[in-house]
Amino acid sequence: MLYITRREHFSASHTLKNDSLSESENEQLFGKCNSFHGHNYYLEITIKGEADPKSGYVMDLKNLKEILHEKIVNKVDHKYLNEIELFKDINPTTENMAVVFWNELKDVLKGELYELYAVKLFETEKNSVIYKGNE
Amino acid sequence: MLYITRREHFSASHTLKNDSLSESENEQLFGKCNSFHGHNYYLEITIKGEADPKSGYVMDLKNLKEILHEKIVNKVDHKYLNEIELFKDINPTTENMAVVFWNELKDVLKGELYELYAVKLFETEKNSVIYKGNE
Amino acid sequence: MLYITRREHFSASHTLKNDSLSESENEQLFGKCNSFHGHNYYLEITIKGEADPKSGYVMDLKNLKEILHEKIVNKVDHKYLNEIELFKDINPTTENMAVVFWNELKDVLKGELYELYAVKLFETEKNSVIYKGNE
Amino acid sequence: MLYITRREHFSASHTLKNDSLSESENEQLFGKCNSFHGHNYYLEITIKGEADPKSGYVMDLKNLKEILHEKIVNKVDHKYLNEIELFKDINPTTENMAVVFWNELKDVLKGELYELYAVKLFETEKNSVIYKGNE
Amino acid sequence: MLYITRREHFSASHTLKNDSLSESENEQLFGKCNSFHGHNYYLEITIKGEADPKSGYVMDLKNLKEILHEKIVNKVDHKYLNEIELFKDINPTTENMAVVFWNELKDVLKGELYELYAVKLFETEKNSVIYKGNE
Amino acid sequence: MLYITRREHFSASHTLKNDSLSESENEQLFGKCNSFHGHNYYLEITIKGEADPKSGYVMDLKNLKEILHEKIVNKVDHKYLNEIELFKDINPTTENMAVVFWNELKDVLKGELYELYAVKLFETEKNSVIYKGNE
């Protein structure tokens, strides 16, 4: 089995908070992450599949790049995540972001020979999350 | 399923040797690694679990950072590994270090919704080991 | 001559704008950078000097780390730069940030044998600025 | 279970094309990758196994390095991939390269306590492929 | 004085050879670099200047990015360097490439408050060249 | 003017101490660096010069690599720095190491068209030193 990965980058700001909690509860739960701050995010999308005998590709990474820009990067780059449509009513933790991105991508990245396998998101070079929606 | 990873760093020295072998056998078995030398290690700890609906976190990475410093980094950073308690009677190869770190962490990193999934240790940027103690 | 460099990291958000311009002029001048967004910044501080014969150090990098945390990192990490004291009435472009950091550091990093040489700030891995205030 | 990984590097050139297609079909299928171009490739070989009680190693990474140079790096470094024996009649996409490297290595990297687990190949820092021939 | 740097990336192939030498002289002079091979190049362009009081920028890095794509990246990415116009009669060593890029950029990157300062080119992560045409 | 840089890597251990001080004075002066510990060092050697018209090289980086291995890497890799000839009576701080390496290299890296310009040494990815012996 083959796994192909494409890495993309975006810069965004966010505030971690649970809207059903009070201000002081949010401060206690999220600490410094409850402030308005931001990150350079790295997004790594992995597709699992077989190589197409004609092209020798699982999927053309130039197409994957375009899909990722259309479906994700253009919506989040240089944005305040708490105020965009993708994260309406969703606290933009790295975990929730990975799940939202999976749901945006899983149908468009399904072909005869391949499917979405994993969404990995680095918030910093020390902190990252992987979501595998089929497990 | 979600996997979250935290990366930490420490610098340490070690000598690879099997105490039940002679000096020349150790030299033959370990080559240049039988000399007293050192590394900048990178440790990546991965937790597997579900996001807590209240916080949107699998686990607060600020807590994970503190646990890793208390349980691992403070014990090994700027130390001679062969002489510390964690590696008593254990040859500090990268493989054995990963297993020792797993055993130090597996109980403290067990919650209702998450558990330790993998310990990855880079000895250099070219050489690394992963230990998955539950496989 | 010796140059020593210490690298630090912080995450922050900002909005690029010139307060003396209208909203549409700011949009035209700064494009997507006029939105609320954020970055993982890397700050590299370089000190120029001679090695102290007693220690063999130009300056103890553990001390430099503490100074950088007290003077810079603690004030900007997980903050909205436009609203903190350091950037009062200053548009937080990477250029202006480097100059502000230089001014915060130049007196405290002046010793008998060394002085501040350069402030380098990476906004992303592709975009960076160096300020040498003595040139 | 333990997984050890060794990273190697080589620089090579290639042209993506399917010899059973016409020139214009190849241009349409492969776009700019149908031109003569090249890359700095990073190859990461992962072995799965148990630590040998005598050495504390799954496998001596110095031996693994030698095997990778003999079996792969020496054959592809500073070469035009389309014209070397390894890729005779094979379109050198990253996917096909990973499969070819797996087949070169799987027998020589089989021991009593370990076996080849994965071949990962980075064509650029944004594009990579993993092949797991036993899945 | 401020220095701003923008990093760009391209993949290309080349053959090092001096057309006035024989084939065997070229083989002896350039060794394995006399073969047709390729690299992922990283290009770092540094501009020296003062910050514009209106924008707080030395130069808008989004404009610099566009200029670098138009003048350099689009001409070399996924190309065989020996056969493109930029390197007509020029042996594409990293040194010569840096000089050619300087000459392409020095006039277009000259403003009232800034000018081109340095062209840095990484052929691999271990090998790089800087050209400062004004020294 | 052209500057070419070659990066090399070695792993070593050291203890920072001034032999003319007492044990407790050394502990106070060097803190945790007074313990036996180690690092993965990265060494970057920069040569300044003009391109040779015949080769288009300032210096063949393959030759530079060999010289660096013979003069430096082979003497320090997998060694305890305090006990090797190069650092006899010298406290192996990063500063002192850079000066020692400069002195080892300055004569052998002097040609008609080029000379040694700078020795940069990374002790960790956050801490580095540059020595320019001609300033």
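Per-chain numbering from 1; labels A, B, C, D, E and F assigned in written order.
Note that in this section a contact is a pair of C-beta atoms (placed from the backbone, for glycine too) under 8 Å apart; a residue touches a chain by one contact, two chains touch by 3 or more.
For clarity, every value in this text was computed on a predicted model and none was experimentally measured.
*Asks:* Taking all residue numbers at the subunit C/subunit F interface, are over half used by both copies (same) or under half (different)?
*Replies:* Both copies, subunit C as well as subunit F, present different residues to each other, with under half of the numbers appearing on both sides.
*Asks:* Hey, how far is the Cα centre of subunit A from the one of subunit E, in Å?
*Replies:* Distance between chain centres, rounded to whole Å: 34 Å.
*Asks:* How many angstrom lie between the centres of subunit A and subunit B, each centre taken as the mean Cα position?
*Replies:* 28
*Asks:* Touching two or more other chains, which residues of subunit A qualify?
*Replies:* 33, 125
*Asks:* Which two-chain combinations qualify as touching?
*Replies:* Once each pair is checked, the touching ones are A-B, A-C, A-D, B-D, B-F, C-E, C-F, D-E, E-F.
*Asks:* For subunit C, which residues are in contact with subunit F within the complex?
*Replies:* For subunit C paired with subunit F, touching residues are 1-8, 51, 54-58, 61-62.
*Asks:* Note which residues of subunit E are touching subunit F in the complex, please.
*Replies:* Within the complex, subunit E contacts subunit F at residues 16, 18, 21, 29-31, 33, 90-91, 93-96, 98-99, 125-132, 135.
*Asks:* Report the residues of subunit A in contact with subunit C in the complex, numbered from low to high.
*Replies:* Subunit A reaches subunit C through residues 9, 11-14, 32-33, 35-40, 77-80, 124-125.
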